[in-house]
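First the structure, then my questions, so here it is.
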Amino acid sequence: MSDVIKFIRIPKNQSKVIYALIIIVMIFSYTNPILLPLNVDLETQAYYNTIVDLPAGKTILLAFAFDSGQWGALGGAAIATLNLLQTKNDKILISPFSSVEGGLMIQRCLGLQKGGYNALGKYGVDWVILPYGPGDETFYAAMMQEPNGMHTAQGNKDYFGTNMENLPIMDNVHSHKDIDLLICIGGAGAGHQVRQFGVPYGIPILVADIAVDWAELKMFIDNGAVKGGIKDAVGSAELEKLIGIPGIATSTVAGLSLNHLLIIGFIVVGNIQYLYGRYKKRGGK
Amino acid sequence: MSFVRSFIPKIVLSAIIVITILSYFLGIVPLSNGVSIVNQYVIIMIAFSLPLGVINLVGRNIKNIQNKRQDWLLDIAMLVSLTVMTVLGIFFGVTNTIYLWLYNNVNIPVGAMVMALTGLYIASAAYRSFRVRNLEGSLLLVSAIIIMLWNAPIGAALFPPILPIGNWFNNYPLTTGNRVIFIGFALGVISLCVRYIFFRENITGEST
Amino acid sequence: MAWEVNNVIAAILVIGVISIAFKDNIFFKFVERIFIGITLGITLTAAYGVIVNNGIIPILQGNYLVIVADIMGLLLLSRFSKSYSWLSRYTLALIVGMSLAIFTRTAISALIIGSIAAVVNTPLITNNLLGTVSNLYAWVGLVAGLVYFVFTTGGIPKQGKPIFNIFSRIGRYTIMIYFGVYFGSTVLGRETVLLERISFVLRTFGIIP
Amino acid sequence: MPTLWEYIFGALFFSFCIIGMYRAEKRGEQKMKTIPACNGIPEGIQRSVEMGRPVLFEFGSIALNLYSQYIGPALGILNEVAKESARLGAHLITISFDPPSTAIMEEIVKNNYILYGRTMEEMDNRYVAGTDRGFTVATLAILEREKPGAHFLMGTTSYDAVIVCQAAADIGAFQVAGAIQTFQLPVMSVICDYVLIGEEFAVAGSVFSNKLGQLGTIVGHDWAKAVLVGLLILGAILAQFGLKIVMS
């Protein structure tokens, strides 16, 4: 027994070894993402089903409302949603909501989706990127307004400055009547989406958000104002699992799982050492 | 003279506490407005008092440099970065490109990493401190492991019953403990106010 | 995204901060000095803005009450003089008194009533076992916790009585369970922040996409 | 507008503390349960002096003007630490990151150093950074380089508690921590040698002062808890019969 204990006895500078192990396990979980068993929540399943069940030919407004600081939590959900939308032939309007960095996040996610930047189809026909409009809820309200809010609120131009007349996808997209689903990645709970899209026009809403805002989002899901939701990196990994394409969320969550198991392992080893020490001190009693 | 030096400040402290609390309970609106105005002025006081801190810090650094103490060269680096950032911020404004570059590429990433150090140190704390030394230590350890398994994404997949168990621990033991500490917290600040109001305790802790 | 100059510099500084967990080294000392200098510069810039916009301009616009706030702030600088440092006591009294009282007046509702109202109307015996156990835990745990924090033996709950000691011991156990649950739940948040920082470094050096 | 229960509890608990105060002073004595963590402070300072290492005291990365409800009780504890350090000849280092904290720490240490004949040059009150993260890095640097024998963290509710407590444990410092709010109590209780938990932290300053007026206010705590426990018992009985005590 004692050689086993000696084998797992951690040298004097115990903390340094623990810090090294924590960092090594985290790096490992990122460099080779491993598929650990994962329990899919009801909210993630509802988010996935709502997109899959949407008939072809519909128009989806995909909003990016998170910045680089939340990349670890929501980058996975954004890329997984793009991968899922590739399998549909609906019209995709991508819009940087309430975040100057939204545009940067869109470029990064389009580049990292399966099949590369133009995997969603022909730009201007199957999908388009709309410009960033400041003003949060006032901007969303202006976009939804009849007769032609989707054009006028965006200055009749797309993200790159191309005139909307040259973008066939925008020919039959004018106001709230032409939006069949809103998917918002990030966005501090779901309050403004429900207020500007759900309540006034009944547009179905899906939201992916960070853990801090989950309590508010869960409330909207429970009362039906939001159809489905993704909770931080864990929900993103569940979505990646449903789509079958492991990505950064899978490795982040794998890192979290391995890390928690490692810490529990530390506690067990620490107690074995402690009990063995006490056993020796009491002369083998 | 000690009347002005130490007794009047105690009266100021006592009066402010009584006025602020009574303005809430008696609903005296002008008094409440006065309290909130003065509270906004505290921010101005902090700004004016900043030289007290900066001179304390810079003075210590200059002494290190003069005495050529260990790493005095790095103390010069601190004074340079402090001067550069302050001059840029005040004379060129916070939209200055160099100021923004330092803000975005030093202040934010290093600050985030300082917070991330908690991820390392909490693991070492768990290893070194959770011991089944006695019943209390064991309760501490078991409940921590239950919640960690409940939080870890793999937990539910490895051991499905962890979900209901974790939910129960997150609902009852957590809220019960919160309530005990919260009540003690409220009683603590109430008795502290009473001690200040009746001059039984002084913020500058004279040992008289 | 990989090997962008700004990110490479930031990643190097991040590695400097991680190194303190292993051993104090010249690299960390450099990052520490630069970081403290820059954050203090940011604080001074913000303070300058407050002094000008809140401390001086209002006076020019006729709000003379602000002069009092400026003077009170400057009183703290009396710490530099041996004989006049007592002047700072006025500002300290104002700051501590104001901040403490503003919190205390709502503490009764937020902390005491909030805690008691959640438990006072729950029946201890319910029709299902789990409900009964849960309500009993919530009730006994709260009462025992309060009994554990009794200090003055001469007070109403006479220490030394068996019932008092039993509840006090139960209170100690519920607090230990509470600490365990709270500690376990903070581990997730702490590790997520560290994971994000490590993924930033790996992404910057092109090790992961 | 305050609710009815706020007026009842407010009036009751404030008057309990006032009555307890005068009662203790009139009686000339006030029994107090011993709080183990209170004995930790002299023990830690004694150890530091024997090892020839400094003593480090901090409120943590919270500012006085925003969080006096957390720092207020710590002032009495700092007074005790300063008194013991002055008496035993320890090198006391206090660190802060907002000018009011620097000033109030300096005032308390100065009063006690004068009392025990220590010179002003021996005082070591440091303003170390401008922000909470800068403060955490500076604290780490002090722990690593000056290796204090005792580390007292009193009041903080912020993330830095995990970092500085574990770093101090790594260098073998004797630690007494305390907080009145829940956030960092679990981490402190797991890492430190002694912890002042919630209400213990609130009354520690009075226990150290050993003045009847201060100890008397603690009786108010216990009477208030007796009222709350009575209310809980009454509520449990009524609830069994489906009746409710209206308390929003």
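Going in written order, the chains are labelled A, B, C and D, and every chain counts its residues from 1.
Please note the rule applied: a contact is a pair of C-beta atoms (placed from the backbone, for glycine too) under 8 Å apart; a residue touches a chain by one contact, two chains touch by 3 or more.
What you are looking at is a predicted structure, and each value in this text was computed from that prediction instead of being measured.
When the interfaces B-D and A-C are ranked by C-beta pairs in contact, the top one is B-D. Most remote chain with respect to chain A, judged by CA-atom centres, is D. A separation of 42 Å divides the Cα centre of chain A from that of chain D. Per-chain CA centroids place chain B at a distance of 13 Å from chain D. Remark: chain A and chain C have CA centroids separated by 29 Å (rounded to whole angstrom). Distance between chain centres (mean CA atoms), chain B to chain C: 4 Å. Residue positions of chain C touching 2 or more other chains: 17-18, 20-21, 29, 35-36, 39-44, 76, 79, 89, 91-92, 95-100, 103-104, 107-108, 112, 116, 119, 142, 146, 149, 175, 178-180, 182-183, 186-188, 190-192, 194-196.
Within chain A, contacts with two or more other chains are made by residues 15, 19, 22-23, 256, 259-260, 263.
Residue positions of chain D touching 2 or more other chains, listed in rising order: 2, 6, 10, 13, 65, 69, 72, 99-100, 102-104, 107, 128-131, 133, 137, 159, 162, 166, 170, 182, 185, 187, 189-190, 197-199, 203, 218, 221, 225, 228. If you check the complex, the residues on chain C that touch chain B are 6, 9-11, 13-14, 17-18, 20-21, 26, 29-31, 33-48, 50-51, 54-55, 65-66, 68-70, 72-74, 76-77, 79-80, 86, 89-108, 111-112, 114-116, 118-119, 134, 137-138, 141-142, 145-146, 148-149, 171-188, 190-197, 200.
Chain contact summary for the complex, chain D toward chain C: residues 2-3, 5-6, 9-10, 13, 20, 30-33, 35, 64-69, 71-72, 99-100, 102-104, 106-107, 110, 120, 128-131, 133-134, 137-138, 140-141, 144-145, 159, 162, 182, 185-187, 189-190, 197-200, 203, 215, 218-219, 221-223, 225-226, 228-229, 231-233, 235-236, 238-240, 242, 244-245, 247-248. Across the complex, chain D is touched by residues 17, 20, 24, 28-29, 32, 35-36, 39-44, 76, 79, 82, 85, 88-89, 91-92, 95-100, 103-104, 107-109, 112-113, 116-117, 119-125, 139, 142-143, 146-147, 149-157, 159, 175, 178-180, 182-183, 186, 190 of chain C. Considering their complex, residues 5-6, 8-10, 12-14, 16-17, 20-21, 24-25, 35, 37-52, 54-55, 57, 71, 74-75, 77-86, 88-90, 94, 99, 101-122, 126, 135-137, 139-148, 150-152, 168-180, 182-187, 189-190, 192-193, 196, 203-204 of chain B touch chain C. The residues of chain C lying in touch with chain A in their complex are 1, 18, 21-23, 187-189, 191-192, 194-196, 198-199, 202, 207-209.
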